[in-house]
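Written below as structure tokens is the structure these notes are about.
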Amino acid sequence: MARALLPLALVGAFLLVAPPFLDLGWQNALINILIASLFALAFNLLAGQAGLLSFGHAAYFGVGAFAALHLMARIEDGLGFPTPLLPLAGAAAGLLIGLVAGFFATMRSGVYFALVTLAIAELFHSLAPHWQGVFGGEAGLSSMRMPWGGLIFGSLIEVYYLTLAWVALSILLLWGLTRTPFGRLALALRDNEQRVRFLGYNAHVTKVIIFAISAMFSGVAGALQAISNETANYVLFASGVSAQVVLYTFVGGATIFFGPAVGAVIFTLFAYLVSDLTRSWLLYQGLIFVLVMLYAPNGLGGLIHQHLRHRGQLDWPRLARPYAQATLGSLLVASAAIFLIETLAVVFSRDYAVARRDAGGGFPTYEVFGLDWTPLSPVPWLLPLALFTAGLWLVLQARHPIGALWQRVRAGSEPGVNPS
Amino acid sequence: MEFFLISTLNGVIFGLLLFMVSAGLTLIFGMMGVLNFAHASFYMLGAYVAYAVSSTAGFWVGLLVAPVFVGIVGMLVERFLLRRVHAFGHAHELLLTFGLALIVEEAVKLVFGDFPVNYQMADTLRFAAFTVYGTDYPFYRVFMGIVAIVMFVALWLLLSRTRIGIVVRAAERLPQMAEALGHNIPVVFTSVFGAGAALAGLAGAVAGAFYPTNPNMALELGVIVFVVVVVGGLGSLQGSLLASLLIGLFSSFAVGIDWSAADLLALVGLGDWARSLGGLMIMQISSISATIPFALMLLVLLVRPAGLMGERG
Amino acid sequence: MTQVLLELNGIAKSFGSISVLQEVNLDVRSRERHAVIGPNGAGKSTLFNLISGMFAPTSGTIRLQERAIGGLPPHVINRAGLARSFQITSNFRRLSVFENLRLGVLARHGIRYGLFRPVSRMRAVNEETAELLSVVGLERRAHDMAGDLTYSEQRALEIGMTLTTRANVILLDEPTAGMSRDETDQTVELIRKVTTDKTLLMIEHDMSVVFSLCDRVSVLVYGSVLATDTPPAISANAEVQKAYLGEETAT
């Protein structure tokens, strides 16, 4: 318990102290990271803890955003509601819509449940651009943050601390929930819903409450985004938003509490850092997601958790070499892929098509990673191939020893294997 | 009357197009229990491949190559990706197809750019089939309908009359039993997935020459296709056809109907009251034509999840 | 005059055109240990599913202490005082043994939507769980995951979970299935101990268990009860013998 607190304390200290010294771009990025983390953790209450995969969580995020904006507009008109308490509007809206949506969605399970949530989100997405009154039609709603209690809320850093406070509070509440009887019930529900029923629990009511709480905190996240951007429109209900939170959660790991936050941080940071460097950053995101799904089904967080859990039993000295091999191999494969993708991006771009036309139909040189290449020479094609093959070979070599060492750990942790 | 006729024609043809895409999806779900989020991506891939090939080898070659290419991609996806994740459960399969959809969309943008490409139909098909109330009705629309119908008939015959079809249907009902009888079920699964993808690819190749071929194709069609398979009944080919036509016709008609709930209430004298409420009451059907299919999908999921023709439970 | 706690009258169940139970009449007396035996496919598990609320009977009535429970959802029937175990172990694999049991104890205390207090602070609940843990002999495995237990440990957990709720009518579905002689004996003693002041209805195949534990036996054949009597009377019953032997020579 205490061991887990140290990294948390470090992160907390950083988030508390560092931001005033960072530039505006980073402050904004941190705000987005915090909001994304909360959204992912709220989502995971339903998906990871209760085992109900929702593909339309954007609905509750969006509803929270619009509720906050409506309240902001009232405050602008003179309502004496404290600005720092704005996310309560998001919470209320998320809770209410979550109760209604959850009541219907949880009547179904598995794929059908996912489809219901998808349909609900699409309902909002298609309706909002035409509903001027509530959603501001196609343009959406805008409103300014009003001063309160001596704070102007004009600068980004104030918005940052407001966001931090609410996200920290929400995460604390969500974590506390996992320690309550209801939180344990959610986990049981994921494992064996039928048994839960036969123990005297009304499974449907339980699921509705979980859904509503998840929607409530999603609404808080949405409200925080609306407060930060001072605007929202129907695009918040798009399937892309629902998709992003699913991505964050499962890459980070749905089975441990902070997993989704890890995923959210990774992807939001990735987007912030990489989106300026390359236009293909979404492709990389998709590739990372698929790779994690294939090779680390419990997510990166799950992977870390597994290592922590078995750290006493793992043969670390023996693992060092194959792990280093695998890491190096993966890096080589990754660089090969990045090189190839960036090359293709340049070669297929409009600029290059223009350059080709100017060169009379030939294949002029292009620049990737600061160096010049010609598409006609085999070098830009053989290089990634060589890197890829070398990397793959290293990874495959390392697979067997790693597998064997983990086998030993698993066999060791299971008590007397049942003969039947 | 003109509106009625044109809308019906357009609606039926759009419905048949929807059917071409959803047929594969519903078959795959019925057989493997996998809801392929990347199915509409196969549709988009088909359009783009057809475009790429047709630029150098002509429209008809493009039309032939696209489904084959997409079918092979589908088989590879099933064999090397889906099968791996199958052991982790249905949720992971869903998520994988989800990630694939993302990758395909971005890969397409990488190679072909963010803007629509100029995928054109063959000049030989560029004529008017007939004239309706003074407007020429393009033959290509009819062509799309013909391809869809031929496809449905071929599929139906294949599934009900041939040995392959019997094996496929057996594998759908009781995969382990079919395997015990000596049929190579994994191969069947791979083939069905590939075939479903190929069908979607064909639909894309055909439709892409008429409708704009752009990177948003998959997203635009993707959600409607889900509505179709749910309403028709997951796993039912006939249900898919019925639901496609239903939704195709509805979409076609709805865009031209300017009634709102307030207009309907005006018939019983409550028009002004409804109008004073604003909001939902004054929204015209043409504006919310995109919303109603989702409302229908919700209704079906909640009241009768088996859809129009799917099997219960 | 002993009270009848559980009464089945004219129970029938069909799935589509397949009729599994025809005309089942059964009564279980208070504090009784009552076995249901019968050849495979006779409908015993279906009977349990009907009584515990997994599905509704096609016709007939089920009364639990005068209250009609046919067709009610499982959680309502459970709260009315009936709990069942499953033939195929049905626990929460990824939760600890302690938590598996505690879930039922929480339900017994009425804490179903406990959102505000950490469960570690609920002293009474935790103490009762610990007590139950030692009753079923799983103290040493308290913090292991249920999915990691051996087969007989899981069966013991299964029985334990069935006991956690307020139920005084316990349904045990083949509790000793797949066990060795020793394990069966241990389990029988466990069942005897935990059902001292409860009413037990159990499905069993092992006649020695039936003889050692049960007061009365009902024989279910082809969807209806052939006979109900004490174990010695049943084993001497000619019709029952014919039903069993006839089954065996036919297959």
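Order of writing sets the labels: A, B and C. Residues in every chain begin at 1.
By our rule, a residue touches a chain if its C-beta (ideal position, glycine included) is under 8 Å from a C-beta of that chain, and two chains touch if they have at least 3 such contacts.
The structure displayed is predicted, hence computed values, not measured ones.
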| item | value |
| --- | --- |
| Most widely separated chain from chain C, with each centre as the mean of CA atoms | B |
| Centrality ranking, top chain (CA atoms only) | A |
| Where chain B and chain C are represented by their mean Cα positions, the distance between them in whole Å | 49 |
| Chain centre separation in whole Å, for chain C relative to chain A (CA means) | 45 |
| Chain A and chain B, separation of their C-alpha mean positions in angstrom | 29 |
| Two or more partner chains touched - positions in chain B | none |
| For chain C, residues contacting two or more additional chains | none |
| Of all residues in chain A, the ones touching two or more other chains | none |
| Residues on chain A engaged by chain B in the complex (per definition of touch) | 53, 104, 107-108, 110-112, 114-116, 118-120, 122-123, 126-127, 130-131, 133-134, 239, 243, 246-247, 250, 280, 282-283, 285-287, 289-290, 293-294, 297, 341, 344-345, 348-350 |
| Chain B - residues contacting chain A, complex | 29, 33, 35, 81, 84-85, 88, 90-92, 94-96, 98-100, 102-103, 106-107, 109-113, 219, 223, 226-227, 230, 234, 278-280, 283, 287-288, 290-291, 294-295, 297-298, 301-302, 305 |
| For the chain A and chain C complex, residues of the former touching the latter | 176-177, 179-182, 184-185, 187-188, 190-192, 194-203, 205-206, 209, 414-416, 418, 420 |
| Residue numbers on chain C that touch chain A, as the complex places them | 52-53, 73-75, 78-79, 83-84, 86, 90-95, 99, 102-104, 106-108, 111-120, 122, 144, 148, 150-151, 161, 164-166, 178 |
